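What follows is a pair of complexes built around subunit A, which joins subunit B in one and subunit C in the other.
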Partner chain A sequence: MTGGEFQESGKAFGGSRGTRTRANLPGRFRTGIRIGRIALTAYVLLMLALLALPIVLVVVASFQGGMEVASRPDGWSLSAYEAIPTNYWDALWFTIRSAFWATICALVLAVPAAWGLVRGNLRERRFVSALVLLPDAVPSITLGIALLALFVPLGLSNSFAGITVALTVISLAMALRFTEALMGGVPEELEQAAVTMGASRVTALTTVVLPLLAPGLAIAALFVFVHNLVTFELLLFIAGPRATPISVQLFSDIVDRGVLPQAIAMSAILVYVGIAFHTLVAMTVGARYLAGSAMARKG
Partner chain B sequence: MADEPGKVETVDGKAIAGYARRFSMTAASPERLAQPSADRGWRDRLFYRAFTFPALLVVAGTAVLPLALLLFWSLVDQRSGEATLRYYAQSLASPYFLRILLTTILMAAGVTVVSVMLALPMAYVLARHTLLRSILVPMISIPRMLPFVVVGYAMVLLLAPYTGVMNKALIAAGILSEPVFILFGWPGQAIAFGYAGVVIAIAILTGVFMTVDPQLEDAAVTLGAGRLEAALTVSMPLAAPGIVAAAALIFSTVVTSYAIPVMLNSRTPYMVSVLIYNNLYSLQERHLAYAQAIIVTALAIGVTTAAQIFLSRFGSRR
Partner chain C sequence: MLYGKLGQRVQVRHLSKSFGKISALRDLTFDVEPGELVAFLGPSGCGKTTALKTIAGLLPGHGGEISFGGERIDHLPPNKRNIGLVFQNYSLFPHMTVSENIGYGLRMRRWPLERRAARIREMLALARLEGLGDRKPGQLSGGQQQRVALVRAMAFMPDLLLLDEPLSNLDAGLREDVRADMRNIQRRTRQTTILVTHDQEEALVMSDRIVLMNQGRVEQIDSPEQLYSMPATEFAARFIGRGNILYGTYLRDGDVDAVRIEGLDAPLSASTKAPAVGPAGSPVAACIQPEQIVVSARNDAETLKSRWPRAFIATGKIVDIAFHGGSSVLHLDVEGAGVLKCRRPATEVQGLRFGDRVAVGILDCHLMPQSE
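Moving on, here comes the complex of A and B:
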């Protein structure tokens, strides 16, 4: 069907005169629909396979204990997992700790800020939001270099505090987006009711608004935490021998020593973390929260 | 009409809205507390503003200050400490840097176009089928929660010349007689970037298409448009802002990406982030690296801003 015909039917709509409905389509169009549907199904399946394949390969290789995916699986074993050295576990534990503290700091900063911005209806609300989202807009590599330039004189590079601060600033952007949206969903009348009965506005915030926000905040914390676990490019510059997140550890190993079985096993563990996270989110809030740009963040 | 709100309520949509507004006003007027937020005095605003200060302070200290320092140092000579534009001039006049920048831009642009094209139909299908979406979106989003590093490992397992699954399968099937060396060159990097790009694009575009009302398309179909035509001429223009935003995000991610170029042989193609890293660490040309980082940042943010400006023009003219 050509564009001209479409415009014609558009005109028909203006004159409230229907030209052709789906029931009296000529046969070739219905065949076209069927072919289109088959092509679409094939495309969806192919895309799924292509997207899943690399991840599946990592998991399969981790159970074969080699440096490649063997064509004949003659030995399924956990040897690669057993071979994970202590410095990998240390790096993972380091990442979990700093990701946890960064998440807490970001939420503690973001909740009051979102409350002030939304309830105060401040004139500078857009400016403040844009400023807090700045770390998200600037490429990670630039922010990483900038933080390195600041942290070296302060002695914060190559330290737990430095990594946590870097994660906090990037988490804050995400946490504020979440909390602003959550805060907008809580009716102001509830707070006003508490205030008319003699509560101060801060009491209203802590006793009325926070309990209502709690489930949403838990989800937000989960998102921020998992994003912190996998942040790489921002941390590459400020990481060092005394402060190595797991992603940086895996990166320097593949660059220096090539693909190692224990590194594949650790990658597989990160895949499991990702799967666990998605299962949890899909079960608690539903899959639609995974779509959309609110959760997008650069790796 | 105004005397009997009970009657007006049933007439039509507009009257109901008017009724609701009058009702809420009469309910609110005795209660001074319910005044609109815009009327708050300066003391009130200061109270609310105080709650945003901690967050602002942290952002100022850990994002604005470092970036300002980066800009400042890129304008200062590393040895003598004098103000200079030398690092920018040196970068922008050197054919070497410009060639690397061009390679990077071409790679990023190609990856962006291809991954958006591949992701569009998938996102459309996911947005229209609720059941499919609730099953597939968590599966597809798993790679988003992995470090780029893990994607790099996966690509090595898939594409490596002798040990990679793809080469072994193609040789076993008799299609290839000897392994192809695509991993450690631009095709390998393009595939790795494309993988990451498709994952980002599907997630964002699914959200975008979900905001487009499917009934608009149904209307076009009842008026005689084909399904495909309705999708292309009705939903696609409505989703255009989201598509451009996703493309800008992918572009700026690829332009500044460091992990994949280095993991998959950092030499060909030589991406600009690798050059910056080498200037910073191997060559100890810190201020030159700062200047180049600023140039790349300006490029990435410029593309995003240009996309937004283009969209607002394009949107208002329609």
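Moving on, here comes the complex of A and C:
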């Protein structure tokens, strides 16, 4: 809508009263606001019903010993947690270590890469930016098969290193998207100021850019880590008895033996880990950054 | 040694820079004496910021030479040039305190801790920011941030300080105070400085000399007084002054310069002319400063003639009159010359009203070559 149109309709609606209040905004404009509100409400309700509710159900079920008893309010106990076998704990620990290292590796690679992309004024920037999004466009299962074909001759399948490399590769896309957006938010003048005061480019990066990126990087690390923790299709084929991520462990047990209480309990534990990390980051760097970074990621 | 060493002479020779096929800077040559403040002045897009960034080393790949005290520095990366740069938006590090910001250049130069602390205290005092050293830049006012940016760029005793439109981010009310502050700091420290600005008043008030730029080229280098009263080109006259510009033909009668303006029945005498004016008969632009025009009530032409015997006298009509405190600015529609602007002391034009017919005297003008 153009300004002129707005003024005209404003006059038509409330011109006689002299002031333009919200009540005399043009009709179409008000309808737009109302539609937006309805859409937002629907979005929130859908998110709650389809995402939050099932998660809550898993948590509740974990205290009741099985999915089928979830509707009964009695019989709360920790028996399902006590029944978690050692190989689950081993798999969880394995996943946490692997996800942790993959996150570190991905960010260590992504920060300089993003710096080059954003500051380097590369003509190839758009191409590289698009290239790193490829893992998102290709089904993870396809990548998993490809990695298997690659890792077997290299002796990387069924190993901690193999899983970590696979997670690093898939994390890189996410990490680069985060860091590219973060880096774009640090004005180049700050680096130039540091350089004119005698800092080398690398010193400018470490003393000025990195401290400013730090809160955002913590958020990025959180998202990448939690994502790594639950990655499944990619690892399904390259996992093995010596390298079993928890997601693959749960999957194969559920396929073999059905939804056992200990599997539900372990799923609930993954939820706790995720929530714990979210809370930790929100408390240390502030919830404002959390919202901001999530927006940067979408953009 | 109060604030630092006295700087060295800065010499820039044939500096040029192009972006692809567009040449943003052509053959820029000038000197800055130790302790001098030189302004790069020009309309936006004239290349003044490009010149500044090229000197700072932030735009690699330029032609020409830059030297400090006879020693070339143009092959050095920006962090080795020992140049302080104040950015238009200050670019203070938001995650560091004021003291840490000021001390950054000293830290990079590995000054010992005690000397660093002493220098930071000295700089805080210079910027009148005592007691604010532990604040973050975000907790300071715009004017305070500006002063932090200034002393941060001076703390490490640069050979040259560059200021990129340092006042453009401030409210108009604040600007004058900060301008005085900056000039004061620069004078006290005798810091050799280049200031980039598009505001002619800022340049006239603050600088010792002005490099007037137009389309990547130097138009004129002169002191503010010279530039104002004797612009070398029509562009300079239009950009710097609020003078009236008329076109005519150059006349020379013995030692006396004058100009014949089409439509006026007698030539105007010119006491000054730019060096580039051609021989007698060549076309010129005449710049008449508003102060060089006098008015009197219509029947009073004789008084004008007797007071200013060499003046050109004509008749005109007041088409606008505005009171500016001590002086009044009149727009006069002068027969044969069009509308001219005139500035007189308010007492002298008392009683004159809009629409009055008046006697107009043109006392003097300055001649320059016409621009194409």
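Throughout what follows, the second predicted complex is superposed on the first by the 213 of 299 C-alpha atoms of A that agree within 3 Å, B and C clash if a C-alpha of one lies under 4 Å from a C-alpha of the other, contacts with A are read in each partner's own complex, and residues count from 1 in each chain.
By definition in this document, a contact is a pair of C-beta atoms (placed from the backbone, for glycine too) under 8 Å apart; a residue touches a chain by one contact, two chains touch by 3 or more.
These numbers were taken from a predicted model, which means no experiment stands behind them.
Once the two complexes are laid over each other on the shared chain, residue contacts for A:Ser200 go to subunit C alone; subunit B is not touched. Shared-chain residue A:Arg126: touches no atom of subunit B or subunit C.
When the two complexes are overlaid on their common chain A, residue A:Pro54 makes contact with subunit B while staying clear of subunit C.
Once the two complexes are laid over each other on the shared chain, residue contacts for A:Arg242 go to neither subunit B nor subunit C.
By the touch criterion defined above, A:Gln192 reaches both subunit B and subunit C.
One of subunit B and subunit C touches more residues of subunit A, and that partner is B. In the superposed model, A:Val208 lies in contact with subunit C only, and not with subunit B. Shared-chain residue A:Arg34: touches no atom of subunit B or subunit C. In the superposed model, A:Val230 makes contact with subunit B only, not with subunit C. In the superposition on chain A, the residues of subunit A contacting both subunit B and subunit C are 189, 192, 195-196. By the touch criterion given at the top, residues 56-58, 77-85, 87, 89, 91, 93-95, 104-105, 108-109, 152-153, 156 of subunit C touch subunit A in their complex. Contact residues of subunit A toward subunit B in the complex are 1, 3, 5-6, 9-10, 12-13, 18-22, 29, 32-33, 36, 40, 43-44, 47-48, 50-55, 57-58, 61, 67-69, 71, 109-110, 112-113, 115-117, 119-123, 128, 131-132, 134-135, 137-143, 145-147, 149-150, 165-166, 168-169, 172, 176, 188-189, 192, 195-196, 201, 226-227, 230-233, 236-237, 246-247, 250-251, 254-255, 259, 263-264, 267, 270-271, 273-275, 277-279, 281-282, 286-288, 290-296, 298-299.
Residue ranges of subunit B in contact with subunit A, taken from their complex: 31, 33-34, 37-38, 40, 44-45, 47-52, 54-56, 58-59, 62-67, 69-70, 73, 118, 121-122, 125-127, 133-158, 160, 163-165, 168, 172, 195-196, 198-200, 203-204, 206-208, 210, 219-229, 233, 242, 245-246, 249, 252-253, 255-259, 262-263, 273, 276, 280, 286, 289-290, 293-294, 296-297, 300-301, 304. Residues 187, 189-190, 192-200, 203, 207-208, 211-212 of subunit A are the ones that touch subunit C when the two sit in their complex.
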